[in-house]
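Per-chain residue numbering starts at 1, and chain names A, B, C and D are given in the order in which the chains are listed.
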Amino acid sequence: MNKISPSIEDALAGIEDGMAVMIGGFGGAGAPIELIHALVDMYKKTGSPGSLTVINNNAGNGAVGIAAMIYAGMVAKMVCSFPRSSDPKAFTDKYLAGEIGLELVPQGTLAERIRAGGAGIPAFYTPSSFGTDVAEGKPVAEFEGRSYVQERWLKADVALIKAELADRKGNLTYRKAARNFSPLMAMAAKTTIVQASRIVEPGEVDPEHIVTPGIFVNRVVEVANPQQEEALLREGAN
Amino acid sequence: MTTKLSNAQIAWRAAQDLPDGAYVNLGIGFPEMIAKFKPKGREVIYHTENGVLDFGEAPPAGQEDWDLINAGKKAITLNDGASFFHHADSFAMVRGGHLDVAVLGAYEISENGDLANWSTGPGSVPAVGGAMDLVHGAKQVWVVTDHVTKKGAPKLLKQCRLPLTGVACVTTVYTSLAVVDIRNGRFVLREKLPGMSLDELQALTEAELSVEGTVKDLVVPEV
Amino acid sequence: MNKISPSIEDALAGIEDGMAVMIGGFGGAGAPIELIHALVDMYKKTGSPGSLTVINNNAGNGAVGIAAMIYAGMVAKMVCSFPRSSDPKAFTDKYLAGEIGLELVPQGTLAERIRAGGAGIPAFYTPSSFGTDVAEGKPVAEFEGRSYVQERWLKADVALIKAELADRKGNLTYRKAARNFSPLMAMAAKTTIVQASRIVEPGEVDPEHIVTPGIFVNRVVEVANPQQEEALLREGAN
Amino acid sequence: MTTKLSNAQIAWRAAQDLPDGAYVNLGIGFPEMIAKFKPKGREVIYHTENGVLDFGEAPPAGQEDWDLINAGKKAITLNDGASFFHHADSFAMVRGGHLDVAVLGAYEISENGDLANWSTGPGSVPAVGGAMDLVHGAKQVWVVTDHVTKKGAPKLLKQCRLPLTGVACVTTVYTSLAVVDIRNGRFVLREKLPGMSLDELQALTEAELSVEGTVKDLVVPEV
């Protein structure tokens, strides 16, 4: 068993037009910048993969990461909780022009829907959004005297995530708050593609400390010294 | 005589009510300011929905680690005893009733505790973040806000007009003029600025301000 | 903030007749033997707490742990997936005599119901038990062409669990497969009481390695060199 | 001539079908035996529902760590790359479709893939464990079983009579006489003991055994 891909391009093989792509990261922490930018390059060169549905907490910031995907024109729809970030121009312009779709999902519901997708739970009830416009059209039920909204699982064809350590069996650790949605997305995608800052031998990470067991991971590519989205933005990259 | 509290003063006042040993989530922006005014000697453990418990102050400029941020995307530091976890576990803490206090900003609050703080209506890009989760689950949901809008219209209403964030969820409102608890579908006035009569305050409040017992003076230092 | 209790008795204070008590452990791994036996002693001395509902994967083995609670007569009902273990006499005799209740829950559903209790999810759908006697009386719904059973959250008044390391803020790690249900139960109980093999200072455990953050924990008591249920059973303890 | 396979031989036969790189859960008891017969050169990663992935063989007697056990409460060891997780994550692996193969024992299997393996009916203590979860989610659900009961009655039925573990979940049955796939609500015979005619096998099977293409000989070494 060897899940290590020799290159980023190999790791990204098979991502097709119209797919749903979960992308790890919250704000600038945890975004798999190198995977994303390689995918953007691929789209610019070949016109594919386009018409993607992208699932992330935000909708891109500045001109890097998901914003670069939006500027390239490869994103048909965002599923996110907070498309207003400090510099959301990429998304905002397209959204107001009607050129990109948006499914707005409360952040905790987004996390729980992704976990449900990974855990084989097709639907669950949450108090979040009850009585609000966001719950419109969703079934509502009362349990123990309180009202809840039914939410469905969320799955994807592909997850692109960033890890700190990985081994050939796909076991992962993360770095600080860069963990965020990534362990959930790894569970919920058919193909989970990981850029890891360092590849180690199986057994080097204590079994107690592995955050994502390899069963949830399909491909790993080493990206030493990865770019950090927030740092890029602060440097004014575009 | 103070005519109204500054945001910092509202944050100071809210901070005085932080219970010792509480687990607290401070919403991004204005509510984050509360941490600065935590009374000495009280231990408060801060939760941020992007997966960190027990974080500390901002690091000095230039020493930020951008993998270590809060929900407002600001760099933070860790206290001894901090922990990291993924987003589903983080919102289990929120939704599962494990937080003692969540503090948010508001456009409007209704007397039954409805909160509107995420959308000013059509025409803009909607963004909700974690607010719809944070208003549920925490044992107390506080709002910090100016008492009236920039145009002088009341924000404490009989019913919210803007899209709701949550229904019957707010427990206390700390405003620029008063501290108002929400009990049994009514605004109950706990404190008001000493220079202001109840009638004057009521004139700036759409829904009725109930009084149960003594209304204390809202006294806040310069901060 | 100091969640350390000076003694097991202090840690267990406030457990009352009729409460629902989650107890960590799967088979003989992870059972908080010292907490359980102190509770049994308390019951034998004072007649309280009795009529407990006990939630665990099993229903006691031999004469130690939950089996000791059953023999003492303090358990009114078990909620578990597998009440047949290698030596289930304590439960079997009472069950067949109609003296103890049983709510049988498939193991994965039990885990998910406890997690749901901790996560504020009042109900969810699972494929497990669909079309079986275990699903009788439960709502059924179809999602994407497949049938699922609606299950409710499971909460408790108290959780008794065993951890490896703990600090005064309640942060926990576990030892190997002794982890099992304990992190879930810590979330789902009003009062979570932990016996830890060693108490450390906050910060001694890397924040990346904490399994149960302190927010889920109320009381911690140090039990150095704790007894291990399976080892006790194999030694023929009773 | 072998008249029927031993349990070890059934386990051997099932083991030959383990795909390289597969994530596999072996039910407690008889199915656990399969690990012993994994063909050399194939890497299989074993999952046990009590929260361990990638475990190895039993430790030598006297060297057990009773905090390191499988779902059958037997002591195990770890391979390099093993991991620990809690029960909800463990069953997310099961229910979420992440296992390639789950193997269980059976009292009865019906031609549409229903499985009965947890209850022999009223009068005993019911115990289901993880079986009702394991039959859902794994890409393939295998059963290893004698072809008939101890009294000689068929176990491969038109409909199960005992309480079900799961509906339409079994994909392949490895018996003491045959290998039978379940496709489109029918038992499809893949292999049978060479010394046995199709009629003889059918006589020991309540539901019809379909044949699609060639039926291979079920040949198993002494083990």
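As a working rule, contacts are C-beta pairs under 8 Å (C-beta built on N, C-alpha and C of every residue); 3 or more make two chains touch, one makes a residue touch a chain.
From a predicted model like this one, the values you see are computed outputs, not experimental measurements.
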> Going only through chains that touch each other, what is the minimum step count from subunit A to subunit C?
Replying inline: 1
>> Roughly how far is subunit A from subunit B, centre to centre by C-alpha average, rounded to an integer in Å?
In response: 30
>> Please tell me the distance, in whole Å, between the geometric centres of subunit B and subunit C computed from their C-alpha atoms.
In response: 36
> If you average the Cα atoms of subunit B and of subunit D to get two centres, how far apart are those centres in Å?
Replying inline: 56
> Tell me, which residues of subunit B touch at least two other chains?
Replying inline: 84-85, 88, 91, 94-95, 136-137
> If you look at subunit C, which of its residues touch at least two other chains?
Replying inline: 112, 115, 119-121, 126-127, 174, 176, 207-208, 211
>> Going by the touch rule stated at the top, which chains touch which?
In response: A-B, A-C, A-D, B-C, C-D
> How about subunit C: which of its residues touch subunit A in the complex?
Replying inline: 112, 116, 119-127, 141, 143-144, 146, 148, 152, 173-174, 176, 207-209, 211
>> Which residues of subunit B touch subunit C once you look at their complex with the stated criterion?
In response: 20-21, 23, 43, 45, 47, 53-54, 78-85, 88-89, 91-99, 136-137
>> Taking the touch rule as given, give the residues of subunit B at its contact with subunit A in the complex, in rising order.
In response: 48-52, 65-69, 71, 73, 84-88, 90-91, 94-95, 114, 119, 125-133, 136-137, 163-167
> Which residues, counting only subunit C, touch subunit B once they are in their complex?
Replying inline: 1, 115, 117-121, 167-169, 171, 187, 201-203, 207-208, 210, 213-216
> Considering the complex alone, what residue numbers of subunit C touch subunit D?
Replying inline: 26-30, 57, 81-86, 88, 91-92, 95-96, 102, 104, 106-112, 114-115, 126-134, 174-184, 211, 228-231, 234
